[in-house]
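Common to both upcoming complexes is subunit A, partnered first by subunit B, then by subunit C.
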Partner chain A sequence: MSTAATADASSSGDTTEGSVRLLTLQSEDGEVFEVKETIATQSVTIKGMVDDDCATSTIPVCNVTGRTLAMVIEWWNKHEIGAVSNEKELKEWESQFDTIDDKSDRDDVYDLLMAANYLNIPTLLDCCTSAVAEAIKGKSTDEMREFFDIKSDFDEKEEDALRKENQWAFEN
Partner chain B sequence: MGDTVEDNEIDRISELPPFIVHQIMSHLLVKEVAQTSILSKRWQYLQRSFPIFDFDEAYRYFMEISCPIFFRSKRGRLRINIRRFIEYVNASLLRFCELKFSMQKLRILISLLDIKESSCVLDKWIGLATENGVKELDFDVRTLTDSAYTLPGIIFSAKLLTTLKLAGCKLEQPSDTIRFLSLKSLTLNYVCISEVMLQKITSECVLLEELSMSNCWGAKRVHVFEAWMLVEIPHMKLKKM
Partner chain C sequence: MALVKLGKKDIISRLPDDVLIHILSRLQTKDAVRTCVLSSRWRNLWTLIYNFYFDDGEDDLFGRDPNFVKFVDGVLSVCQSKDVHNFYLDCTMISEDEISHVVPWISFAVERKVRNLNLKVDIDREGLWLVRLPQSLLTCSSLVELTMLSDCIFDIPKSSVVCFPSRKISFTSIRNPDGNLMKKLFRNCPVLEDLSIHGSNLNNRDELKFDIKVPTLKMFRIWLGMDYYVSKRKFEITSRNLKYLYIKDYTSSSFLVNDGPFLDVASLDVMPGTIDEMDELEIDLPWN
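Coming up: the complex of A and B.
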């Protein structure tokens, strides 16, 4: 009899831990997370659901994998009021999100961007867009194409014309 | 076109929703944003539809190009640089307005050698910004002469404008009513404005929270009344005429 083992996972999302309500979030690939309502409502999308009383059962988080959702929850935990004693410590912790060293970091940031967009988390969106911007800075056009896997669909003539049009931006 | 590059990598950045790419661009310098336009056709579109225009910073880059060595040619070089800058601003704004998106911000810093010659272009830019629902407008016009650029009446129909910053301009009383229905912050520096006009603005802009004036002329006294939300006048300094 294995009912006892599964009972926990299949329980209703409307559980409470002490006086704090817990919400159940389910990632696209089926991973289930229990998160304090006070933390999850950093997502404007989830806050809207809570306010409309639509967060009583499991909330499906489409297009977000369990791996990414775990990172999002980590973000929420750190950004909960009182979780970190000072701004400096928070910034230091955030630096793991806002630097892109290689293509694997880059892909993580894309995933987080999509999650931040879907869940509407302004702080995370801002951090990730800033990370991508930092990765763009200082790169030549070809380096940018290489790093972001952007394929140019301009022919040589078109590119030359555009470069000329924006000549000021390419000097120095 | 004909080349068959084998590439399993997916270009995810180009597939991000435009507003996210625009948010990325908002962390970049004007120059860096302009550089992205040649990455691909998609990026050309993303750059052209970016609703934040900061031609203040771009102006600096234009002036840095080919720094004049001989004084004799300085004015000539300046004239060419200004003309190139005007053409660039003009083309960028027209292309953006064709897309029919709303404009978040337009910031322009420009030096003019001849106001008469250039004022119709500036009028056009303000008209385009107004028509496209600009929210923040920052206009800094510098001239080598004593005369100041007179802002066109169309500026007063910018209903969505929340922040207006003017420098080196003349704000004349419009024949029509002022329709700054959203204006919250007004900053005037080296602006010619009459008492009547100031009064009109403070009484008709119901949402105005902040009025900042420095080095302005044309008004001896400022009567601020009927402006219930007005909370701060930080640098009130009026130059007498």
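Coming up: the complex of A and C.
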């Protein structure tokens, strides 16, 4: 991951490397990353800022930690046109994100989801929502609550009423 | 670090609505609805899903869900989604009484600008009733891909101008194709690029002509399996932009390709020994 992003706390504003413009992103916990504009604009949010000429100073990335932002930048690097030779290789690399085996995977996916949503990165959002959907599949209500740490605020009566209301989904 | 401050407890429920709706839209619709009891946060989220996957479970171990029709009716009656991306309907054993429900389901999707419509509707025994697809589907401009594995038919009034705005259509398992309909259907598809026809068990004794005049067509795939009746079938494809032509035919049909397209790929697969029986294969083209 360290190769994907260069942390340089002293830099701010946009710089250029050769003819490629660099953007400076700052995570919520203060880590600073310099990223090629051509790569960072995979984020619809950042692309909008660049198009509106609002990306000239450090771009704060709220609600995203440095650790997550480094993963996001790795994602961008892999998805840059020409970065991998074929679709199959890319899918194989992506597969590390598309399954949730335990709660630690789950928390990584949550962080990536928040980042993908805030930065509006359709490919990453697709991959992570798919991972969560896969984890939901085939689980009973109780299993889902356990796995995702969801605390029900319904009492037994309310839950029964809801099941009844949507009876056709709980039959069979 | 906000995430650490908040703790990792029940973070999923704190994800924005849009993200949760994305997740729910990836599930079988039944699984999506079941999340309504998780907590009050989840109660109505599923009503905003934009993909619908309905499967009556006929192919599953436990057999068909007897309340399937009630389920689909129930979901669609409370859904608030304004846009539908994918609408998959897989009901393989629908009864005569239930068939009238199918058209309103399709209309629901069409009214909400469906992009991909996948219909697998089968009747529960040999019968003559058909799903008469709504006229609105023919002119549904949002539709990108239509797949049918059904005995559905289009009711095309004589006076109407057929205008299929889809780029990709695949028809599968057309068992009772109507020659007149097939002629009309492929006469005015302004953007159609990819057409697949998979006909198996073609229950039609009459001579049948598929007249496919689609100038934009790039890919044409046809697979005809064994049929019960030895009837004449003739495919006439007129498209100067055709690039890929795949024919797999075990029925000795005849094919005519007009307009001299520059083909990149042409593949012909007939049952061993039947090439002589093949009625006719005539391709008018300058080979690449």
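The criterion applied here is as follows: the second predicted complex is superposed on the first by the 153 of 172 C-alpha atoms of A that agree within 3 Å, B and C clash if a C-alpha of one lies under 4 Å from a C-alpha of the other, contacts with A are read in each partner's own complex, and residues count from 1 in each chain.
Convention: a residue touches a chain if its C-beta (ideal position, glycine included) is under 8 Å from a C-beta of that chain, and two chains touch if they have at least 3 such contacts.
Keep in mind that what you see is a predicted model, and the values were worked out from it rather than measured.
On the superposed subunit A, the positions of subunit B and subunit C overlap enough to count as a clash. Once chain A of one complex is fitted onto chain A of the other, the partner contacts of A:Ser130 extend to both subunit B and subunit C.
In the superposition on chain A, A:Glu89 contacts neither subunit B nor subunit C.
After overlaying the two complexes on the shared chain, residue contacts for A:Glu80 are found with neither subunit B nor subunit C. By the touch criterion stated above, A:Thr141 is placed in contact with subunit B and with subunit C alike. Contact with subunit C, but none with subunit B, is seen for A:Asn63 once the two complexes are overlaid on the shared chain. Within the superposed three-chain model, A:Tyr110 lies in touch with subunit B and with subunit C [touch as defined at top]. With both structures placed on the common chain, the touch criterion links A:Asp29 to subunit C but leaves subunit B unconnected.
Overlap of the subunit B and subunit C contact sets on subunit A: residues 103, 107, 110, 113-114, 117, 125, 129-130, 132-133, 136-137, 141, 144-145, 148-154, 159, 162-163, 166, 168-172.
Per the touch definition, subunit C reaches subunit A in the complex via residues 1-3, 8-13, 15-16, 18-19, 22-24, 26-28, 30-31, 33-40, 42-43, 57, 62, 65-67, 70-71, 74-75.
Residues of subunit B touching subunit A in their complex: 1, 5, 7, 9-14, 16-17, 20, 23-28, 30-32, 34-44, 58, 61-62, 64-65, 84, 88, 91.
Put simply, subunit A touches subunit B in their complex at residues 103, 107, 110, 113-114, 117, 125-126, 129-130, 132-134, 136-137, 141, 144-145, 148-155, 159, 162-163, 165-172. Across the complex, subunit C is touched by residues 28-29, 63, 65, 103, 107, 110-111, 113-114, 117, 125, 129-130, 132-133, 136-137, 141, 144-145, 148-154, 159, 162-163, 166, 168-172 of subunit A.
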